[in-house]
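Next come two complexes, and both contain subunit A; in the first it sits with subunit B, in the second with subunit C.
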Partner chain A sequence: MMKRFTSAVLSKRRALLACCAVGAVMMASPAMAAEFVLGSELPLTGKLARVGTGMSEGIAIAIDLANAKYAGQHHFSVQTIDDETNPAKAVAAVEKLASDHVVAITGGYGSNIIGPASEAAAKAGLVYMTSGGVAPELTQRGLDSFFRINNADGYGKAMVGLIETMGAKSVAILYSNKEATAAMATYVQKALTDKGIKITSHEFDDTTTDFKPIMNKVKLQDRPEVVAMIGYENDYIGILRAGAVLKPDVKAMVGVWSLATAQMNKEFHDQVQGVYGTSPLPYPVVFKGGEAQDFAAAYMNKYNREPDYLQQFGYVQTMLLIDAIARAHDNDGKIEAGEIARELRATTTPTMIGDVTFDKNGDNPNFTHRMGQHQGDRVELVWPANAATAKMNYPAVPW
Partner chain B sequence: MKHRMVVLVALVLAYGAVPLLLGSMDYVMSLIIAALTIGGVALAWALLGNLGGLVSFGHAAFFGVGAYTSAILVVDHHWPVLLAMVAGGVGAAVASVATMPALRLRGPYFALAILAYGHIFRILAVEATSLTGGAAGMLSIPGFPTLLGINLASKTGAYALILTIVLLFAWLYGLIRRSTYGLALRAMHDSELATRVVGVPSTHLKAAMLVISAFMTGVVGAFNAHQINFLDPEYAFASSWTVLPIAAAIFGGYRTVWGPVLGALVVFLVDQLVFKELMPSGHQLVFGVLLGGMVILGPHGLLPLLGRWSKKEASHAGA
Partner chain C sequence: MLELILQALYSGLLAGGYYAMIALGLALVFGTMRIINLAHGELVLLAAYVAFEMERSFGWTPLASIPVALVVVGLTALVIYLLIGRIRQDRELNSLILTFGIAIVLTNLILMIWSADIRSTSNSWFMDGVVLGDTLFSMRGEVIFCVIGVLLLAATYWWLNHTWQGRALRAVASNRDAAKLMGVNPARIEALSFLVSGVLATFAGVAVYTASVVFPAVGHNLTIKAFVITVLAGMGSVPGVLLGAVLIGVGETLTTTLAKPSLQELTGMVIFLLILFLRPSGLFGRKGMVKK
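The block that comes next holds the complex of A and B.
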């Protein structure tokens, strides 16, 4: 009886010691499991609703895959607020997310909205990560907490590279007077002029719907080999419709973002044939590499359709942020904006859009884009040569 | 006496209770500040409509001009923010002089003409790139200073500032309304021809109301620029700076002094704090239904409706 009692006491002591030992190990290890809530401020309604929703879907996939990657260690979730494509509401959204104690912010679309929203995030001591604003001014404000994975130069380099490959001698640039588009037009104009290409430029107001007067000037006065369009979806369609009516004698119509996409191919199939635009992926999508394939499968599983570049960028920016949060937490068990920012700057990460490195301004100097061309029901990558999925159709215009 | 007590209690609540209870909640404070900003424009719009008899669809023009004037003076010429805000109001008042040819028009013609002016000012802001930054706008506009130990850049400070601005404008509106000019203006509202016959200089009075209304809107626009530290033509001259204040003024009761402010607070805060929580996307739909219902059930607005309801309660209590 006494022996059984002693044994029971010893067994309890051992259990207690074991518990203490496990507890001590857990206390000593900085890598404790933790719950992280990310904030996301995005335009889900208003003028930028489509692109905002696209990025939001990419963020959701990043959260799902991060929870699989860090299963048993950390758990991530996202709190999203619709900024209604309004700068003041974007600021209010960031303030609400800050008051709800999110660890960092991923999202934002439109340089004019990202500007004030990221300043509000900086005031609240939160890292702001985006792929929705490419205006150069955003990274020239000296904000330590602002990061973006893409920039106007990357888009510009791709457009200039394609036009150079075409061997065009003259280009007419049609660009919206918005901040990002005007900045990119300046970049493209300078780069092409330096290469000895004759340039004419036409700025248009972002509310313009009838492009026939500009297209008439291009046709009768400029007579370029290539028309470069720097605007947004509605601008491209307006310009291409004006082109279809006036039929200028050009060899190529080249745009930038939001043009060489699956959605544009489906919705404006005839109007966009032969037209070029920046595109990280061909359509139908071909993903190479484990992470990219996991992303595509997870997206297809969740939304029952193929991902676009918007989801891809949303995914990449959020995954970079999540990894930085996890590293910062695992270092010393604390999460502060300064530590997340330090982690982001300290690491070069291979991603689906190439290696991402952040400089002191939060910009990614490695960012370069690819150019796609609408060819029938497909969007083929045609530039650079090492990423091409098909040969460039040149000359080719939709009319 | 009773009226003074109500005003005193309201002031104590506005300056004391709100910052004490909600001061730590940045998000709620920023919504209240935004609501008061809309309230300030609604008040200015109602002044022009109620006293000048003019329905304006172009107050966004004055809002934008005031915002840009103040931002440019602070950023490029290093003016003190508070002084630049007053200058913003003056800038909008000067801009309103350009719209005065529209005073020859009446009803929907005036409304449309002033809407066109709003569009013109937006284009000017886009084109004057060297002055306004063009379509790119102005980032990192300096915020409010510290005054008498109060940090006006904080949420509580900014709230106190916009509250003071709105109260001063409401006081000015009430003063004009009660004056002989106000009497003439209200008579003009009923029959302009009759008042002109008895010697009221109706065009001069309408012009004066337009200038005052533009000044008020300009100051509020300037406040907003320094509050969110950002401006671009699309935002500064957005039609929402006209539509929301009109909706708020009509909802609250645009024939009263406090109706537009109350309307802005109710409309904006209920929409953002309740409807947006329930319906993150498409909450404006509920707001539209609410506004439609209000116009049908209480065409004079919320404040007169509450007044009638409280009188009824009092008479029931008396009986």
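The block that comes next holds the complex of A and C.
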């Protein structure tokens, strides 16, 4: 009896010890957990303030959702510095973030700004992740620490694909002489010429506000079937207004980023009707899949409006980076030099913008955009066929 | 080709009209106080955003929003004057730094209030085409504000030459101490020049909002354009401002038509440097007006 009692007490002790051991292990997990501060260098003021703010909002949502995803394991926060749309200040911002020991950089907008900023990050041994610079030169520098989820080719392929689908025989390209837009114009010009399409092109700079002289050349000399616009919102509105006054005999006006958006549909409704632009999503936004819906709900909750492509890209790039950081840390409880970059190169993740992988230069070879068209109060996806939400209206111009 | 050149000349003339409106306010302050108000472009921008807010909130047309914009921009111009008035030494240099700082503050204030999105009127009446002789095309808003610009220039010219305040302003510009001896209160006259500058900036801002697009960073470009035209014109010369503005406008559009659109800004600068080289006092500046 006594022996049975002793055995019972011992087994209770063993159970207690086992519980303590489990408790100790469980207590040990939070000790392995870590606090990660990401750095973000973005144009929140200056010419690129709008796009910088958009990306910043996407990053903020990624941080919120990552903290929910890794709750009890890791905690993430972001330290943001405004680069004022200035390359020198972007470099200073990256150096400041590095001195504050951030774990990696997410952000950057404008290829001419991202170039020097990502070099500063490389010197500091930090990964630089972006969706704001599409110039080919950025991934031709041999930087091990530079990653981006989109590129000019992806935008160019979509524009060329749409124009090919239209069956246009001649195209006039109007493009801004900034680094990314000029690079994309070169890509589009070559791709369309290779397909036997007649091309004329007109380069303008970012101080151009009156596009009537250019549009008059298009109307009287070029006489194209399609006008391709490669610039930014203010350029598009200037070109479309010049078109509405001069009424060139064209069948379509096609742009790239920042054009087929909810904002443009709302603010410049009549001026953008029938106009095409790259767009990852239709408007009103329809999100498919759990993560996309979580993102949309979190964004609506935080900012009380629907997310746009800028927030979407900002979210995707930051979430990929956060996952890579968590994996790098969880391997052995610490992050060694080059480990985040190695984890990113091992990434094969389906995201809201499609599958993302990174090649040896940090580029995402899978990136292909979709083309949307303003149709009434909606932006419908019209290219490629497998992503289309509506039939393309062609020919269609706003005037 | 003739059609292209005619359209370029026409567009250049229209652009000149509203460039002149932007530049005249800067020229006036530069002429009276020897102060380059580097926040002038931001005053123009502020007027544009007031027009935007009136249109968004109350559905007012840009023209109807001018009285509200006049009050907001006029008061802001007076505040800038009061801040400059506190400078006790090296006013020309220190005011440059001060107004540069004010420009940054105004830009960021606009950014905080109205965000960085691009804005322009959604009133289609101003965007409707006006066609002259099947060859010359423009938006109705451009024509209206070009005419308003020329009328404002004429009114300012008349005011400077035919009213007591105008003459007093010229007297202060010419010799501040002598003007004081003649019973002119320079501080009051300088405040008046800032106020008139604000009025001109208001019309320019509403014109820019109507004929083009605005965003917070655009004020800096407007200041540069106004400064180039002011220097081209010759210090404080109203006819010079008009001629300089038209020269820049036509130069830009002809460059777009005959060469490359991306060279138009360069053309403006070449005209600027060429005229400064040939006439260092500007188109209508007198040699005596330039400090030695």
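Operating definition for what follows: the second predicted complex is superposed on the first by the 366 of 399 C-alpha atoms of A that agree within 3 Å, B and C clash if a C-alpha of one lies under 4 Å from a C-alpha of the other, contacts with A are read in each partner's own complex, and residues count from 1 in each chain.
Just so we're on the same page, contacts are C-beta pairs under 8 Å (C-beta built on N, C-alpha and C of every residue); 3 or more make two chains touch, one makes a residue touch a chain.
Worth saying up front: this structure is predicted, and the values here are computed from it rather than measured.
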Side-by-side fit of subunit B and subunit C on subunit A, or clash: clash
Subunit B versus subunit C, judged by how many residues of subunit A each one touches: C
First (subunit B), second (subunit C), both or neither touched by A:D205: both
Partner chain(s) touched by A:A98 [first = subunit B, second = subunit C, both, neither]: first
Touching partner for A:N216 - first (subunit B), second (subunit C), both, neither: second
Subunit B versus subunit C as contact partner of A:N177, first or second or both or neither: both
Touched partner set for A:D323, first subunit B, second subunit C, both or neither: neither
Subunit B versus subunit C as contact partner of A:G115, first or second or both or neither: first
Partner chain(s) touched by A:T45 [first = subunit B, second = subunit C, both, neither]: both
Of the stretches 45-53, 99-107 or 153-161 belonging to subunit B, the one that collides with subunit C: 99-107
Shared contact residues on subunit A - subunit B and subunit C: 45, 177, 205
Contacting residues of subunit A [partner subunit C, same complex]: 45-47, 49-50, 52-53, 85, 177, 202-205, 207-210, 212-214, 216-217, 220-221, 233-234, 237-238, 241, 244-247, 263, 267-271
Complex interface listing, subunit A residues touching subunit B: 44-45, 80-82, 86-88, 91-92, 95-96, 98-99, 111-112, 115-116, 119, 124, 135, 137, 141, 176-179, 182-183, 205-206
Contact footprint of subunit A on subunit B as seen in their complex: 25-27, 30-31, 34, 123, 126, 134-137, 139-140, 224, 228-230, 232, 234-235, 238, 240, 272, 276, 280-282, 284
Subunit C to subunit A touching residues, read off their complex: 3-4, 7-8, 11, 15, 107-108, 111, 115-120, 122, 124, 127, 129, 137-139, 212-213, 215-217, 221, 252-253, 256-257, 260-262, 264-265
